[in-house]
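There's a structure below that I have some questions on.
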Amino acid sequence: MNTVDEILDFAIEREQQAADFYSSLADRAQSAWMKEMLLSFSQEEMRHKGKLKSVKLGDRLLKADQHVQDLKVSDYLVDIEPTADISLQDALIVAMKREKAAYRLYSDMARTIDDPELKQMFLGLAQEEAKHKLYFEVQYDDQIMRDN
Amino acid sequence: MFEPTPQVDLSSGKYLKLWQGPQHPGITGNMALELTTMGDEIVDCKTHVGYLHRGFEKLMERRTFIQNFPIVCRIAVPEPTFNEYLYAAVVEELTGIESPERAEWIRTLNLELMRLASYLMWLGGIGAAFGQGTVYQWTVTHRDYILDLFEEMTGARVYHMYIVPGGVRGRLPEGFEERCNDVLNRVEKLLFDVEKVLFNNFVFKKRTKGLGVIAPEMVDQYGITGPNQRAAGFVRDLRRDAPYLVYDQLEFDVITATESDAYARSWVRYQEMHQGIRMLRQCLERTPREGPFQARMPNVLHWEVPAGETYVKAECTRGEYGYYMVTDGSEYVRRVHVRGPSYTHAIALMEKLAVGTNIADTAGLMVSLHTYPPEIER
Amino acid sequence: MSTATDLLERFGTNYRISEVNEQKADLTFFKVPKDQAVRLLRELRDDAGYTHLAFLTNIDYIERGIFTLNYMLHNYDTRHTLGMHVDLDRDNAEMESIHNMWAQAATYQRELREMYGIRFPGSPRLDDDFCLEGWDQIPPMRKEFDTAAFSLARFYSRDGRGTEDPREHMKQQLYPTHTDDAPEGGN
Amino acid sequence: MKDMDKSFKKDTETEFPLREEMRPHQVTAPDGQVIDIDPLQDYFCQEPPKVHAKSYFKIVEDFYNWARAHSLWILGFGTGCGAIEMRPLMTPRFDAYRYGIQWRPTPRQANLLVISGYLSVKTLKRAIRAYEQMPAPKYVVGLGSCTINGGMYWDSYNTINKFDEFLPVDLYITGCMPRPEVLMAGVLELKKKIKEGRADGANRYVENFEWYKANQKRVIKNWNMPDYNW
Amino acid sequence: MSLKDLISPFYVWQRAFEKPYTQKRPIEDRPGAPRYRGFHMNSEDCIGCGTCESICQNRAIDMVPVEGLEQRPGDSGLRPRFDYGRCCWCALCVDICTTRSLHLSNHYAWVTEDPDAFHFTAGTDPMPWNENSLGYRRDDDYHLLVHDRIEMEMLGPDESVRGFDEVMKGYTEEQAVLEADRCVECGICVATCPAHMSVPDYIRSVRKRDYETGLRLLYETNPFSSTCGRICTHRCETVCVMGYQGDPIAIRFLKRAIVDRVPAERYREILGDDVSDNGRTVGVIGAGPGGMSAAYYLRRLGYGVTVYEAQARAGGMLRYGVPSYRLPDDQLDKDIDYIRSLGVEVRFNTLVGRDVTFQSLLDTHDAVFLAVGLNQPSALRINGEEHPRVLSGLKVLDDVANGLDPGIGRKVAVIGGGNVAMDAARVSRRMGAEVTVLYRRRIEDMPADPDEIHESQAEGCTLVAQAIPVEIKPAASEAQVTIVWGEAEMVADDKGGRPRPVLQEDRMHEETYDCVIAAIGQGGQIDFIPSDYREQIEFKWNKFVPGDYQQTGLAKLFVGGDIANSRADAISAIEDGHHAARGIHRFLGGSADA
């Protein structure tokens, strides 16, 4: 990956994979409710993909320098193996962990690369994933840990 | 007791019907005298009241107990505070609420200040009725300084709405004592001036001595109370005979006279003003500065007073002022009757005393009886 | 201080005295039948020292169909006050006049005539206007007379008013669908 | 309205009889001559009121208005509570005389009627008579809340609510009760209005005479006086 | 006549040499006294409760909507409008003002030609005196209202931890009347109450000691009055106008005061037991407050109602989640038995999805109301969670409710800050354990009822705030467990939500307990709805999104209770049930507004 476009293509591809992951999970879900949830996760990923596409077309810029709060919720939660009868809590944990992994990936890449433009791009993508993670963390905090 | 008026044949041409009022010079408020005169002499007098009738007793029956508190003071315009106090007292008696000591002192202060203001108004009236306009100018101005004190203490000049069932509405303002003492000193100085100018005035003496003599036996027959009664030689004063508020802790003299004419009545009132100033000074000194001034009250919005009836009276400037209240345990009062001393003074007594006097003296006679029509009609 | 009890014992044999209520040390209320009232008043005035008629008034007990006159008498020597109640038939209220005993009674009787419609035969100027002039309604102090409705009908009220109940207003604004028009639950 | 119960009816021949001295009667003069008198006819002028015309020249009218504004003579007829706050105005402290204001005992000498508060029906009748007897141009000031919308006596069976239905009012002063200072401010405001030539209450009264009379007769049941008595 | 009498009057001349008394400028020289009762002012604190209107004996005050004023629960959006053709400046409105927003200025002059001009809305209309700082204010020591709540007798903490006796003893009749007397009957609370109960009316019936009327009023909107009189979250009290200067009215306990005075046997006599049958049936899933409330109102409307309940007894979370020292079983039975006595059939031990299919319910009934509640405890999902000494709060409460021993030991940690956590903690105290509550946020953020937090502290539970559990480890003994937790820092939420805790990895603690009770939240279990209906039903996270009448896109399905609202309390569930009954009646062609 040597150009900004290539990086973006890679990122877009990753978002697509995530969307596919959730929708295939949804296909297997038995209850109306979890199916709905997983599809909405999938749509969320598709929206991210759309956002990256517009970055690629130059309609939008990724900001690398903004501060995104890390609630560290996912840090101390266990890993979950996604199954067809997954619960909402577990689905959210999976989502948080996935976003966190993506964040780590882009951050590591940014560290290993020297080209300032590309570095900037990776950092921007990392920030973007951090935001997604925050979104899921907040939902976990609000929906699952209501009383804690 | 009741003497029928002599038959007056208007068509004889000897008599003239003359109406005085309702804008009557002898009175605060409106009231008409229907005089039948023969020459200058009055042979028959009928009173006509009702120009100020607002139906208070009816209005009070359809207002809650707290809603009655602002309206009662309107019953007697120049002396509203007595209504406030009596209404509060009658409700307190029926509910068993006791107003705190501090409130009792402030109430006494308020009532005596009102008495002084009311007497000053009256003093101006009697001066004006006998051609001494200067006295009127002096006393009404000084009354205004007392109204200033009221404004400062209660928030209004005339309708104070300060004595609320359960206590009073606020503490005395800062520095009130000094300002009140200052006004009292000025009023006292004025009173000595008035004595020289009015009571030592030979014109005044000539016209008032022997005018409207109330014979002692008439006092009970006509239900005469207050200074009018004391001027006839009776030593009766509710403040001493049935002490309310803190009057049992105050030093004052019951002023009496024996002549029982307009001059004697005026002189009794004049001296009572001095007694009033004496009491006010005691009040200012002894009113507690600390402590509650309102008893613990229920929620006044739906205040149900237990069923019962009572009569509470107080000595106002004109005599026995009383509130008779009947309650039936609901949020509304069953019946209130306000007993104003003017009721008998201005109607039965006036109709009797006016006969035989002349037209020029009716105004002075009426002022000397000190009557307020609003408390007759309510 | 049982002036009142003494007194009632003294008169109790000759008069049917009932409903004695010692409201406070110097105030007692009692009831006496209509036919004995004036005789008792005279005796109280002449023999018992109750020389001062503070006032005469009436209480309307519409639900019981009676008027209760209250004669408030005061004794200056014992400083005791007596409230004498006399029940009258509300629909045909008539009472013996006492204008010959106290001069101001005539005025009170005029007022009661005008305000409640009670007749006191023989009382002077009884039917003259007292407070009211040109009154064409039932006597205003009777409980069935609605002064607010009358005032609205005759004197009108200025336009430009209108109020909302906070509770109803909030209901309309915040949860309009939550209504139970058909009776259900409870009753 | 409810029919009047028979038992409440006062023992009089008609519902609202004329006072004895107002009925037609005969009087014997000192010289023995017998004179027939019908007071309602004889004591009052029956002429209907007329519009008080403005002067043809504006400068003259302005001069008149200036003069009128500086001699407001108040009829000393306190109708309600507010009368008690008019008294201090006559004393040195407020000294209304310096503004050309003074109190007169008779309507014939006054051109300003201050309705100082509530008006019972009985007083309303007298106030109307007093007003009609005042010479035009004349002014009316409503003092206190009661004159505006009934004030605290809004539900009383004996006090009117809207004073402007009965007499033309030039100015309202709210308060219960208003301080003397407000009455003073009101009078100064009235002066301004007079000077501008807008205080035409007397003419409004004449122009809407029928309406005012109808309102007056609606509440005053025993009218027994001529329609216009000046 | 003496010579003195002749000369003395000439003394009058002496005063001619005095300084004049005249005010130079009579209008400007004398402003109103500092306490003068002049014209009205109203501050922004006004909430439009209308108490000023009710005390005004002149009917001089109208409550009118003000343009641009945002209406919200606790503020009626109305403001007092004064008619100065009526006002008498008694200032009772100032004295009674519940928020102390109303004042009088010392301005007193208003002269105009137009008699219709004397109206204004204080505080919002631009009046010349709005900036006045002087004028009448109510004195601090003068009250026309009773600001202090009548204290209810309750078991002391020493006594209460010894057993499961009800802690709050209820008002005596005298106390209840005194407390009810404090109410100003403004009705602001009605909008905030999820069930919109007619609070002022039933408080009035307490004051009048007319409990039959009171009970009828309660049942108009709430068939769980005995229950709600004890454990309601009393949102109404948070907006009670009496709370602005003192304590809010104890609305919840006054409700209880009514039901406490009506024996269960008289319910049918007072409320009536005449229910017709309109031949249509409704199935209700879940016999909790939502389901039973719907069942009650539907039965009243003539529907045949069958309730499907997974457990052996009715009441749902009220039965299994609320310990008996807060809500004794017999009180819950009082409510439920009356509903059942009207002919509501409850099928116990019938779990939808296991014993009967969702589809069959849809087929057999004319409508289905679903109120299964949130009964699945959220897992901690931290390492070591599967340790046998980690219990769920709901399970503990459930065991206690069923008379089983949850086996908690002597030293207990409770994780969470909601009502379930508090209940678990207090139950543990009653079983003799030493209790520590670990909560991720601050104590003021706790979703539990403040009374419960307060009482649990009084009973000796230790509350540790800002503590995030990170790991569970086996302890030396098998009967024990070690929990690792870290301190948290609170960070503000950008979007205005409650502050969120962030773990501080450098400040970790380790502690060993006999057991750890997790009560961090609950989720719903609605897997029995086949995925085919996904298109018709709208979800948001783990909840339904119902329509105006609790309906869903699936024609026959109505939903309510914790699973369908964000408040997740009993009273909201009760209202959902009631409202769904209205909706079902409406959708099945009943009266449009019923």
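We just call them A, B, C, D and E in the order they show up, numbering each chain from 1.
Definition applied: a residue touches a chain if its C-beta (ideal position, glycine included) is under 8 Å from a C-beta of that chain, and two chains touch if they have at least 3 such contacts.
These numbers were taken from a predicted model, which means no experiment stands behind them.
Visitor: From subunit A, what is the lowest number of touch steps before subunit E is reached?
Guide: Each step joins two touching chains, and the minimum needed here is 1.
Visitor: What are the mutual neighbours of subunit A and subunit C in this structure?
Guide: Common contact partners of subunit A and subunit C, which must touch each of the two, are E.
Visitor: On a CA-centroid basis, which chain has its centre farthest from subunit E's?
Guide: The most distant chain relative to subunit E turns out to be D.
Visitor: From the centre of subunit B, which chain's CA centre is farthest?
Guide: Result for the farthest chain: A.
Visitor: Taking each chain's centre as the average of its Cα atoms, which is closest to the average over all protein Cα atoms shown?
Guide: Chain closest to the assembly's C-alpha mean: E.
Visitor: Measuring centre to centre with CA averages, how many angstrom lie between subunit B and subunit E?
Guide: Each chain's C-alpha centroid was found; their separation is 55 Å.
Visitor: Using mean CA coordinates as chain centres, what's the subunit A-subunit B distance in Å?
Guide: 89
Visitor: Centre to centre, by mean C-alpha position, how many angstrom separate subunit D and subunit E?
Guide: Once rounded, the distance between the two centres reads 60 Å.
Visitor: Return the distance between the CA-based centres of subunit C and subunit D, expressed in whole Å.
Guide: Those two chain centres are 35 Å apart.
Visitor: If a residue has to touch 2 or more other chains to count, which residues of subunit A qualify?
Guide: Nothing qualifies.
Visitor: Please list all residues of subunit C that touch 2 or more other chains.
Guide: 131-133, 140, 145, 147-148, 158
Visitor: Could you tell me which residues belong to subunit D and also touch two or more other chains?
Guide: 92-93, 122, 148-150, 152, 154-159, 162, 176, 179, in rising order.
Visitor: Spell out all pairs of chains that touch, sorted by label.
Guide: A-E, B-C, B-D, B-E, C-D, C-E, D-E
Visitor: Give every residue of subunit E touching subunit A within the complex, in rising order.
Guide: These residues of subunit E touch subunit A: 376, 378-379, 381-383, 385, 415-421, 439-440, 447-448, 468, 470-471, 491, 493-494, 497, 500-503, 505, 519-523, 526-534, 537, 539, 541-542, 568.
Visitor: What does subunit D use to touch subunit B in their complex?
Guide: Interface residues on subunit D, with respect to subunit B: 20-21, 25-30, 76-81, 83-85, 87-88, 90-93, 105, 118, 120, 122-123, 126, 152-153, 155-159, 176-177, 179.
Visitor: Mind pulling up the subunit C residues that touch subunit D in the complex?
Guide: 91-92, 117, 127, 131-140, 145, 147-148, 150-158
Visitor: Across the complex, what residues on subunit A touch subunit E?
Guide: For this pair, the touching residues of subunit A are 29-37, 39, 69-72, 75-78, 80, 85, 87-90, 93, 138-139, 141-148.
Visitor: Once bound in the complex, which stretches of subunit D touch subunit E?
Guide: Per the stated touch rule, the residues are 92-95, 142, 145, 148-152, 154, 162-164, 169-176, 178-182, 184-186, 188-189, 193.
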